[in-house]
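Notes for the one structure printed next.
Chain lettering (A, B, C and D) follows the sequence in which the chains are written, and residue indices restart at 1 in each chain.
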Amino acid sequence: MPLTALKTAVLEANLATVSHGLVKATFGNASGIDRASGRIAIKPSGVPYDRMTPDHMVITDLDGVPLDNRLRPSSDLDTHVVLYREFPQIGAIIHTHSTYATIMAQARRPVPPLGTTHADYFHGTIPVTRDLTSEEINTRYVAATGEVIAETVGDGDPLEIPAVLVAGHGPFVWGRDPQEAVLNAVILEEVAKMAWHGAVIDPQPPVISQTLLDRHYLRKHGANATYGQ
Amino acid sequence: MPLTALKTAVLEANLATVSHGLVKATFGNASGIDRASGRIAIKPSGVPYDRMTPDHMVITDLDGVPLDNRLRPSSDLDTHVVLYREFPQIGAIIHTHSTYATIMAQARRPVPPLGTTHADYFHGTIPVTRDLTSEEINTRYVAATGEVIAETVGDGDPLEIPAVLVAGHGPFVWGRDPQEAVLNAVILEEVAKMAWHGAVIDPQPPVISQTLLDRHYLRKHGANATYGQ
Amino acid sequence: MPLTALKTAVLEANLATVSHGLVKATFGNASGIDRASGRIAIKPSGVPYDRMTPDHMVITDLDGVPLDNRLRPSSDLDTHVVLYREFPQIGAIIHTHSTYATIMAQARRPVPPLGTTHADYFHGTIPVTRDLTSEEINTRYVAATGEVIAETVGDGDPLEIPAVLVAGHGPFVWGRDPQEAVLNAVILEEVAKMAWHGAVIDPQPPVISQTLLDRHYLRKHGANATYGQ
Amino acid sequence: MPLTALKTAVLEANLATVSHGLVKATFGNASGIDRASGRIAIKPSGVPYDRMTPDHMVITDLDGVPLDNRLRPSSDLDTHVVLYREFPQIGAIIHTHSTYATIMAQARRPVPPLGTTHADYFHGTIPVTRDLTSEEINTRYVAATGEVIAETVGDGDPLEIPAVLVAGHGPFVWGRDPQEAVLNAVILEEVAKMAWHGAVIDPQPPVISQTLLDRHYLRKHGANATYGQ
């Protein structure tokens, strides 16, 4: 993918997080990667969304070193870098403080598969990380955030459950490309909202069966997907 | 009804589910039927709402067989087909994952008639289906969803309570025509929202009397309706 | 007030209930009265809001008899007529099914003065009516709704607490003129929303002192009001 | 800062409280101060937001005495005056009745640091004042509101936790300038919303560690801030 296309796609993903109501103030950041050239494009730090252009996106190498020095990258860059290294399957990452996903992250509540809305996008429970230690926070906070996400995903396929809630912080979501990552972030917020509401009226809300979870997830994903045109 | 009118009405119903906030991403689908010609018009699968035109609506016969092969129909087509066969009174069907109706469907909570908002559109409790069995899910999931809705309605008149919540999934709503189905879907979401809020502050929220339920429902429906111009 | 001014003010109040998010579908109705001529203007029944003009407002006398027969008045007309007769101080009435006020009406929960937002507009607890009897519903439902509101207000000044929640139904709100009634309906929904949220986290939410209630209410109302220009 | 710039900045802050959904009706007011000239600019009382111009902002001296007599200042002026005197570090004040911050103020619930959203703007728990006494309300209500806020902040730096919830009333928020005060008011509402939701599903929601609180707060504030361009 040419860098200009990557920058445009990443800009659009950043703007989409705002138009979908997932981001307030300058919280949140989206990035994308071109695996062929090893280039990452990420939102700059603290630039208002309504003034961003594709050229504001900061380009870095796979170690997160900016390739020019016009603008500083998002302060969460190192988390993205770790995730791109740990999850070679993914092509884009979105971080938001979207309200209900953050409420669940603050409450250390995983989001279980309560219905088919969830199953269409997430093939199981969306987990919460452990808390970072004081040492991790003090010495290498941003990278350690990526590492604790990778630790939480473990041996699983990160594209099967493309989101993790960072304890006391908020969601990191990914996908094969920026558009898919945006969609996953939108659905995550919706299923987190429904999970919170479910927990309020039932301390043990029923999850759907593995059969139904597979039926819906595999309809949209994998070799036998039948959804769409 | 000419097919072009049916396709336009079905398109408008699909767009209305989005403008009323009942649908996110490509969740949801609306269909209509012309009983005279035995033709069903339904949303295509996975086409973005902002690009849909009347001609994108897929026309099928009463068995759900598409009459041309330009676009695939909604993956929920077979549910619609079963409902049109089981409920000869109805002329349109809408499926959404609207937030509060889905929260209640996931919690297996019927929506009782707590007030006159409910009674103006639904002549009693909006029920939840049983869970589908693994065999139903594995062998004929989409049609079985229609069958379990019909099983839940039983001997009742489907127009008296024009909605069912499918357990772990979301609402199916219907009406005599696409416009009425949209209105029923909007009101269902509102009464589900109020029912959830009522359940939070009172484990046994009071339902209205049969007398008040009849008074409001029959004001708007049936031979003695007095509402409107 | 000339009839044309009354009809315009009543139309604007009806439209304001929609733009403020208090009304969905065709729920809700606003009316106004010109005490000098004894004329009531009220929303017609079942006319879509986006097509209403001032001339759609139905003019009736003090007994609710329409003075022409172009359009049927709101089906809630008789409630308005009773309230104008019982409360000579008021000049306009608004009925909505606004979400949180209706949730409280369905739960038979009065809205207590939990803060100064409430005190700025309502000089005490907003009450809920008793349930209507089956006989009242069957024989004279709409007028009886007005009577049970008047019974609930009792000897109080209806302008001091310009709203009542009708059990299992929703709010009726009033004011000296249509604009004031709209404002009272907007604030009622907001204080009902805050009261519901307060009740969820505290079974006995603290009410403000009579001193603070008086301080805020009397700042905006009565002979010693100091608010505004 | 010239007075015209101050008036424009204060107008924009007032309008921002509306566009961010923090203010309904004419609740709420924003002010700013030019420390060099000792001039305060504040919203006028009871003027509709959609008609306000910079010249509607009322200019007063440090004792709250208006320097002309065209429009009355906000009825909360004396609270602002006390806060400007007590907190020499601040340059702007915003008062709203934003929904969730007010719900917490009514419930006398401080907003604890449950996550990094909070930590990015508030360096600790956002406190609630004690109730004012009847004597304070009756004799010097508006100034006493400022005094009880100052009493609640105590020896702390008001810019470290730039908001207090006034019991039974709502939030007062401040910043070094009107733009920063708006941002603090927006984030306060969001963290209050998340705190309410957290309290519903967990009576003792976990707070983040002092290490994480410091890490996030100090990233954006103080001599070693690294955020932004």
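Criterion: a contact is a pair of C-beta atoms (placed from the backbone, for glycine too) under 8 Å apart; a residue touches a chain by one contact, two chains touch by 3 or more.
All figures in this text were calculated on a predicted structure; none of them were measured in a lab.
Undergrad: Which chain lies the greatest distance away from chain A when centres are computed from Cα atoms alone?
TA: Relative to chain A, the chain whose C-alpha centre sits farthest away is C.
Undergrad: Find the geometric centre of each of chain C and chain D from their Cα atoms only, then give the gap between the two centres in Å, rounded to an integer.
TA: 33
Undergrad: Using the average of all C-alpha atoms in each chain as its centre, how far is it in Å between chain A and chain C?
TA: 46
Undergrad: For chain A, what residues touch not just one other chain but two or more?
TA: Touching at least two other chains: 200.
Undergrad: Going by the touch rule set out above, what shape does the chain contact graph take here: line, ring, star, complete or other?
TA: The chain contacts form a single closed ring, each chain touching exactly two others.
Undergrad: Which chain A residues qualify as touching chain D in the complex?
TA: 24-25, 27, 44-47, 71-72, 75, 97, 99-100, 102-103, 105-109, 131-132, 134, 137-138, 141, 168-170, 196, 199-200
Undergrad: Quick one: in the complex, what on chain A touches chain B?
TA: Touch residues, chain A against chain B: 114-117, 120, 183, 186-187, 190, 193-194, 197-198, 200-202, 205-206, 208-209, 211-212, 215, 219, 226-229.
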